[in-house]
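As written, the chains take the letters A, B, C and D, and residue 1 is the first residue of each chain.
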Amino acid sequence: MSESMTQRVGWTREQMAQRVAQDIENGSYVNLGIGIPELVAKFVPEGRTLIYHTENGLLGMGPSPEEGEGDPELINAGKKQVSAIPGAAYFHHADSFSMIRGGHLDLCVLGALQVAQNGDLANWSTGEEGAIPAVGGAMDLVAGVKKIYVITQHTTKTGEPKLVESCTYPLTGLGVVTRVYTDLAVIDVTPDGFRLVELTPGADFAYVQERTGAQLLPLSH
Amino acid sequence: MSESMTQRVGWTREQMAQRVAQDIENGSYVNLGIGIPELVAKFVPEGRTLIYHTENGLLGMGPSPEEGEGDPELINAGKKQVSAIPGAAYFHHADSFSMIRGGHLDLCVLGALQVAQNGDLANWSTGEEGAIPAVGGAMDLVAGVKKIYVITQHTTKTGEPKLVESCTYPLTGLGVVTRVYTDLAVIDVTPDGFRLVELTPGADFAYVQERTGAQLLPLSH
Amino acid sequence: MIDKQISSPAEAVRDVFDGATVMVGGFGEAGSPIELIHALIDQGSKDLTIVSNNTGSGEVGLAALLKAGRVRKFICSFPRTANSTVFPELYRAGKCELELVPQGTLAERIRAGGAGIPAFYTPSAVGTPLAEGKESREFDGREYVMEHGLKADFAFVKGRSADTYGNVVYNKTARNFGPIMAMAAKVSIVQVESVVEPGGIDPESVVSPGIFVSRVVEVAEPAHESELIAAGVSYP
Amino acid sequence: MIDKQISSPAEAVRDVFDGATVMVGGFGEAGSPIELIHALIDQGSKDLTIVSNNTGSGEVGLAALLKAGRVRKFICSFPRTANSTVFPELYRAGKCELELVPQGTLAERIRAGGAGIPAFYTPSAVGTPLAEGKESREFDGREYVMEHGLKADFAFVKGRSADTYGNVVYNKTARNFGPIMAMAAKVSIVQVESVVEPGGIDPESVVSPGIFVSRVVEVAEPAHESELIAAGVSYP
């Protein structure tokens, strides 16, 4: 993006992840999606313990193992090798999705292709001709987890807004997203639409609104 | 009954149980109801291994423990203390009834209040005014287990037939019983109704028919 | 820092409120969380709906809770047992409502409640009085009845051991309804003989993962219903 | 005398027939019963419907079965992965049908198939293309879609250890779909690293009770998909 060549506006991926981490309460059961969401685990504030769920059957997921220490049968939903913390538990897929569907997880942090102002999420398919459709556990997560946060770049690589009036891509779930963390701002999905919660360094309201495909309500105090 | 005072006609409870045991194939997964059905386990022919399921969460139920050896937390569906064989497994109630409802058990042997000629079974309630209704797992067993045998006295204590044209007591299940073992005969439930399979010592066709509340078809060869 | 251990049964059941639905584990005396039930008797909440396979024996545990007049409704598969006189008397006197559910349907409804399944179809009870008034439907030529998931405000469960994250293992056939009730309740309270540190339970052998368990409380030597009855105990 | 041990993967999959539905455990390479899949490739049956979370990577395991042209239809939640080219090519060429199912719905459908539940309601996929054409219904003001139980003729599952009665334990996240697929198939075939005598597995820790398992076969040192791919293996 042109901004980064002159003076950086907004947050890096790590800063986005760090900001999300601040909003997660001690003791939460959390499922982190593949990609930027995975970074969140690195920034959990001192004194808080989170328990990570991975839908392929592990509660108490720990960090990646040291080189050569991994087990190809201990992986996360992204199929990367992970570890298990003391106090972990393994279970089968029906039990794992009972946790999800049954509303037992406190939070899921997901990436997005598009988020609509009513909380609709599209994150599994661009609906492209000839693409192989693949959904995984995304639809179950958004339907079942208590709170869905999205972490995403504010716009696509070509500058198209990802926060929109209504999604044009196939939906993952209806009205499921409660908060969006982007490189430019933290934005809540409210009954009135998108509402700005926090700006990032160098980004003002107009700057964020310009890059948002729906009306943005100002900070409320 | 008057017969027993002169010359015994038919089988004792043990003989009934023994006769049932002969019809159970090696390797079967079997659930035995409370009462006479429990006796079946004592008469399994040499060389056959059956695996007993008790719906309160044990596959591989073994005999009653020696006096003082029992565990109040190792019981059967009749709430009597039992043991677990090597190769047993414990599980929770939803898994236990998945075995039952999912058609994984080969055979269930139950007692009966009434069996109708179309296989309907009544075995949980006499519908009596003021009685406390209690059903337990009977309705799940008859709906799910592959084969339902009934073992019962041919008539009630007052001489009323228990094999009838249609049940007058509240039903446990519709068309579920395939074979009935009584003190007087072995009788199949067929599309044409009750058919005699085997007579017991001292009982001839007329004798059994007289004590049966529906038409009895003769032995077919 | 996560520590779900609570100091006493009294403390663990402190916030049960009037009118709450409480699932209580156990099949007969196996798995019956007697100390939690007795703490609930002491605690005083009333108009409770209890979901449990049986209604208790003698005058301890569930039978004592019933006797204390605290149960408005009982959801149950088998409300009579050898030594059970309390429930039958209340029921005949019209003082306690009963919803009778086949045992497997009860288990599946509880599991569905915990798994976010609002309703499912089962062949159990088709054509019987227990299917009366229920919606039925054919699949592949066979008739099934629709049953609803069942949830609760609290679950009282008895395990063998737990860690402070709430992972629980059970003892033999005392497992029964515990794991699914823990799933189906907003607040799941598990009494165990010993609470250990995280790592003290093999993650391959955990039966109730901690996410289903809100509180664990140590009762090192839990009473057995049959022993209390044999000793002539009537609680409180 | 009960002994479910079979001498070899080839013998274990001998009776898979043309047109059979086969559930195959595994999530990525974890829990993928590669030796059973390879035995099925050798065995020759075709027009198969495969139920598995992924479609395999490289040219081993499920991808090799697909490449051999033996799969008519795939029921799956995520049919593309980093090293997966076989399925995408077949799919684009119209040579393999795909039924895409959300992962949790897939798991629950399999579990329902094994548990005798013909249909259930789930909130997953409501309002999305994957709910199109499906019956929906409101419960307590929320919309749900109806999904059907899923059964199979065979299940191929990878465990860690089993006894000769068919009780199985698993390894870490390789457990995934194995236990529910074993429930949902008429004939469940489990490959394990070691087969032990009854009594060799703690009854409290059994994950798949033997009633769900038809055959166990020892594969002492099972291959991992990633290692085969790294070694350039293309099966057969």
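We adopt the following convention: a contact is a pair of C-beta atoms (placed from the backbone, for glycine too) under 8 Å apart; a residue touches a chain by one contact, two chains touch by 3 or more.
Values in this document were obtained by computation on a predicted structure and should not be read as measured data.
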item	value
Chain pair with the higher count of C-beta pairs in contact (B-C, B-D)	B-C
For chain C paired with chain D, centre-to-centre distance based on mean C-alpha positions, whole Å	34
Computed distance of Cα centres, chain C from chain B, in Å	29
Chain A and chain B: spacing of chain centres that average the CA atoms, whole Å	56
Chain D residues counted as touching two or more neighbouring chains	108, 111, 115-117, 122-123, 170, 172, 204
Multi-chain contact sites of chain B, meaning residues that touch two or more partners	84, 90-91, 94, 97, 100-101, 144
Pairwise chain contacts, counting only pairs that touch as defined	A-C, A-D, B-C, B-D, C-D
Residues of chain A defined as touching chain D within the complex	54-58, 71-76, 79, 84, 90-94, 96-97, 100-101, 120, 125, 130, 132-140, 143-144, 170-174
Residue ranges of chain C touching chain D (in the complex, touch as defined)	108, 112, 115-123, 139-140, 142, 144, 148, 169-170, 172, 202, 204-205, 207
Touching residues on chain D, where the partner in the complex is chain A	27-31, 53, 77-82, 87-88, 91-92, 98, 100-108, 110-111, 122-130, 170-180, 207, 224-227
Complex contacts: residues of chain A adjacent to chain C	26-27, 29, 47-49, 51, 53, 59-60, 84-91, 94-95, 97-105, 143-144
Chain D - residues contacting chain B, complex	1-2, 111, 113-117, 163-165, 167, 183, 197-199, 201, 203-204, 206, 209-212
